[in-house]
Amino acid sequence: MQQIQQRLPVAVLGATGMVGQRFIELLQGHPWFELVALAASDVHRSRPYGEVARWRLGSSMPEQVARLPVLPCRPEALPEVKIAFSALPAEVAGEVEAAFAQAGVAVFSNAKTYRMEPDVPLLVPEVNAEHALAIQEQRKRRGWSGCIVTNPNCSATPLVMALKPLQQTFGIRKVLVTTLQAISGAGYPGLPSYDILDNAIPFISGEEPKVESETLKMLGEWHEASGFSMAPLVVSAHCNRIATREGHLECVSVELERPASPEEVIAAWEHFLPEPQRLRLPSAPVPPLIYRREEDRPQTLHDRDAGRGMAVTLGRLRPCPVLSYKFVALGHNTIRGAAGGSLLNAELCVSKGLL
Amino acid sequence: MQQIQQRLPVAVLGATGMVGQRFIELLQGHPWFELVALAASDVHRSRPYGEVARWRLGSSMPEQVARLPVLPCRPEALPEVKIAFSALPAEVAGEVEAAFAQAGVAVFSNAKTYRMEPDVPLLVPEVNAEHALAIQEQRKRRGWSGCIVTNPNCSATPLVMALKPLQQTFGIRKVLVTTLQAISGAGYPGLPSYDILDNAIPFISGEEPKVESETLKMLGEWHEASGFSMAPLVVSAHCNRIATREGHLECVSVELERPASPEEVIAAWEHFLPEPQRLRLPSAPVPPLIYRREEDRPQTLHDRDAGRGMAVTLGRLRPCPVLSYKFVALGHNTIRGAAGGSLLNAELCVSKGLL
Amino acid sequence: MQQIQQRLPVAVLGATGMVGQRFIELLQGHPWFELVALAASDVHRSRPYGEVARWRLGSSMPEQVARLPVLPCRPEALPEVKIAFSALPAEVAGEVEAAFAQAGVAVFSNAKTYRMEPDVPLLVPEVNAEHALAIQEQRKRRGWSGCIVTNPNCSATPLVMALKPLQQTFGIRKVLVTTLQAISGAGYPGLPSYDILDNAIPFISGEEPKVESETLKMLGEWHEASGFSMAPLVVSAHCNRIATREGHLECVSVELERPASPEEVIAAWEHFLPEPQRLRLPSAPVPPLIYRREEDRPQTLHDRDAGRGMAVTLGRLRPCPVLSYKFVALGHNTIRGAAGGSLLNAELCVSKGLL
Amino acid sequence: MQQIQQRLPVAVLGATGMVGQRFIELLQGHPWFELVALAASDVHRSRPYGEVARWRLGSSMPEQVARLPVLPCRPEALPEVKIAFSALPAEVAGEVEAAFAQAGVAVFSNAKTYRMEPDVPLLVPEVNAEHALAIQEQRKRRGWSGCIVTNPNCSATPLVMALKPLQQTFGIRKVLVTTLQAISGAGYPGLPSYDILDNAIPFISGEEPKVESETLKMLGEWHEASGFSMAPLVVSAHCNRIATREGHLECVSVELERPASPEEVIAAWEHFLPEPQRLRLPSAPVPPLIYRREEDRPQTLHDRDAGRGMAVTLGRLRPCPVLSYKFVALGHNTIRGAAGGSLLNAELCVSKGLL
């Protein structure tokens, strides 16, 4: 692991929203990164963050953060910044993130805008660390001195982490996933309480196509010569919103290419030691995957904070009458599935000397 | 339809629990059945129902019901009763229901005990009305003058109602269903609030095997000579508990035998006019299946009471990358999936002259 | 009661919001009023209601309502209308309601704007029916051919209904009320789900002053010569938002002027037969007040729909160590506390020949 | 502060329930106490805790605790134990706790049984540390070498902590409190989910009398000669259960003896530095009282964990039209209001050399 001498100055773009706040929370005391600037797409005229934003998380707003001015989302307003974490809404992310990348900033984005671009890594370090190399092609093509690296949709993250060890050990042909997603995934103010109390909503706009396509890109390959190729498997997603605060629970059925016993499947998960854990990246959970043997776990409330919200918890592996196996996966949607995922992406790229 | 001259005297067994209360509620003002007796498995020494039971439903306890004594679950304690609706727990249902059937009472049971027996109908009148004929074989074999007719698990009911028109029109090979089930399905006191508030539990004891096997029996055939045959398809179920009061939401993927356009699938549902609707049974919802065209329906809160809780609401039909189609189904678990289902079974059997 | 020969043509202003929808729901099949027009403050260019509005209530949007065009909130756009029910937001209610009153329309408003005006009735027919006479003064003063009649804040309604019989029988000196209010009181989209799931919020903007002042006006007197006088008592309110869909629960302590036994207090409630019940107004609940003798009632879920949402349920009367008595009151906030209250006001005014 | 050389061996009685688990959680890594034994009132035949108990808290069951045998609740079964923390149900606490006290063990009990006894301290160290001296009288009277020290009801704790600085600075005449209490206060399995989802229940058996009487004892005085005297004030409580997991929110109106400005009241809270904080007891929160200046705080979700669940958060101080002031208080019911309170009591008694 590359030794970090001095903390790199970083900014959060879209700092007032739910994911922006998670970025701020996770950057507190970070060994490699120092939060020096906050920006938002609305006009805040450099007023202090503590006046502009209301803290929505369980923690308290850090005092020094409360005093930071909220700047406009333009690179010239944040001259000292080397890395920008973007929690911008998709409508503005396209232009703003490109402007930062052009200006030499490495942008780690939670927005969907660039995820499926042919020269942009859609990165979960445990799954496809080697995709980070696409940054070089991206710079060449676009003439950027910075870059854009994206992390996937919050539902795709735990799914792809659960699938990766199965793919590399047994091969995967088909995946059918049904999600039970937390309200925080809809942002803030997001979902009206009158819509979800005593209710379940079997629809989240745009979510199912994202899960189905992003999974294939992440499980696919990157070659310098030919670019990204999609993984040769099919994914079908049913996405539901339920009345939980944090944590996306996913019921997965999977068809493997090669036969495997339940013990072998669990072993593939439990022995999974991918690059971020080998590199001991600061935000990499150890272990990345936790298999619970109780018959009723993982549960949203009890397992979402595993590995400080960065681990994915698995359970209930059993034969599926339709595909090969079925199981349950759970990940924290605003930590692992959003801000924490971007942060780990930045750690990976720094560690590999790509920035 | 057979003309009912005089209302038949009926009893509710297991009258104090959640499903027992639903039976009482649905029997108020019933045109064919008159509730004359209540029984429970605990000892209540004939104390009035109003003293023994606390009403858990949204309605109020009917006054004349409050005055009925709670009798022991023995046929000799309820001599005038011709039909007994059983909401007994599985542990006691086996013996008690057999005693009533032996004594000449037609028992319509919500308990799992007899569901998979080779001479007991597992009945949803819209789906397999002809299975009711197995009563005759049952009486012959067991020497009963009464009989036992069961209704399926509350998750299997909406599923099988959604599948039946697809099976008869296109054929079905494979079904994968993930349920989001309401807390009332766990009875009362049932699920502790501390277990489910801000949580989802991906496990309900015994539920998945029931959904997988009961569906095959109901979609299968009954022949007097050979008995029941299971339908030649496979079903895989993931069952989850979430924080909703009533209504089981189900995300279904299905593989059809013959190709069908989305319009044809929807037409199969919307034109479905099975026997209970043709017979105009008092509790038969018209229509039995409601297809909603909004992108985010059915929803648990808004659709569970459709058809006074007896209809199944469908929506979101779309191609499934893994099987043929995916869609969402919703049914009221303690009405359609329990007490209302049993009541409709009794109406069917009376109407067909089987009692 | 005046015989109604032909139904009066009425409109709903602010028809798309939560209270607007309740007005529409309650006007279906009304014996005196015919809903002929819908209006909203946003620009909807006369598009049909079914395209413009999403129905949030448990019921379905009535079909003929779905076809009505959504008109601008100007009297000339609704020429045939004699009565307008207003669910307008306070920001626009002032000007719009005055324009309608000027144009000869009787406006029954749920907005706070005119409630405390010295010539505007703040009316709960069970409590202060005689205040309706202030309309005459209002017309004289303002030169209106129509009028404005308001109903109180949704928390003040059940309180004042519980207090009125105590005031007239024993006299009241002091009232301390703590409310547990449902999320629907915040309108739609209203309260973000992330703010209230697993939370209670001890603050509702502007609510406590409204409860404290409106109660005094309603329990006070109207004299043609001197106008309104406030009731000589003090009210203190703590207002809280909790995670319930509908129904405001209120814990009340009251100091009476004259001693009373618990039986006398309960009798005052149970024998309460005010004017709307004597007049048999179509929306008047009979009885208006229901006292429950169980130790744990009223409960929000089980009692909010009493009297089709128009009755107030009381319970738990017991001595208060600080004031004289304490008890619990519950009312449905969007029916009794909003749309249903306005509707009953209109019925009273029609019945008394005031329009 | 007395220097602790070696950690004292302690046990938890009633270790399997919700409060028992909180005791275990809080004793992990405690600097003065070492958890060496677990006991429960049910028969568990010394089976390991990990087999007998299901962990209900957000944390995981500590591994070494999982291996501890669950012993019977008899002093001879736990010979090495010097201090026992009791989370026993009231039905068994009377006899069991006395047996331990008799056998020389200092029992710190969460049960209500001995709270109002004339020689038993009902202790909140920030409020009435000097009451601990009653132990000496207790030993004398009862001939015990151990002792029993109780902590109050979970609703009384935050109330009395908020009141103490007001009492000592301004004097208090009257208190009216309405609580919004979390479901964990009902223990486990406790409250059925079907009773509380979308509901509020204005009744908790036995709770109001406890709050009203325990507060007087704690705010009263202890004199060796005359024993306990109740504080000369009156308290009235309305207790409600709502759908929150942890944290009791309390709306309080108080009548002071001497006039005070809002600033003086807030200063009394913010300058409150009672004995456990001066002694720097390990579990004493610093500060014990937190006054939030936002208009909508404290909130159950956001403030219950303040001071690791041991601080009480206050807010919304404003004049009360009926008494002098009104405000909101919040405390964590299973930490500060139960296990954490007992633990702090033990720390105080050890620190003062009373054991």
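Per-chain residue numbering starts at 1, and chain names A, B, C and D are given in the order in which the chains are listed.
What we mean here is this: a contact is a pair of C-beta atoms (placed from the backbone, for glycine too) under 8 Å apart; a residue touches a chain by one contact, two chains touch by 3 or more.
No experiment lies behind these values; they were computed from the predicted model shown.
Student: Out of B-C and B-D, which chain pair has the most contact pairs?
Tutor: B-D
Student: Where centres are the averaged C-alpha coordinates, which chain has the largest centre distance to chain D?
Tutor: B
Student: I'd like to verify one number: the distance from the centre of chain B to the centre of chain C, where each centre is the average of its C-alpha atoms, in whole angstrom.
Tutor: A distance of 41 Å separates the two centres.
Student: Mind checking the centre-to-centre distance between chain C and chain D? Centres are C-alpha means, answer in whole Å.
Tutor: Computed from C-alpha means, the inter-chain centre distance equals 43 Å.
Student: With centres defined as the mean C-alpha position, give me the chain B-chain D separation in Å.
Tutor: Measuring from centre to centre gives 48 Å for this pair.
Student: Listing for chain C: what residues touch at least two other chains?
Tutor: 197-198, 243-245, 301-302, in rising order.
Student: Which residues of chain C touch chain B in the complex?
Tutor: Answer in residue numbers: 58, 197-198, 301-302, 305.
Student: In the complex formed with chain C, which residues of chain A make contact?
Tutor: By the definition above, chain A touches chain C via 18, 56, 183-184, 188-198, 243-245.
Student: Provide the residue numbers of chain C that touch chain D in the complex, in ascending order.
Tutor: 174-176, 178, 180, 198-203, 205, 212, 234-236, 238, 240, 242-245, 249, 251, 253, 295-296, 298-302, 315-316, 320-323, 326, 328
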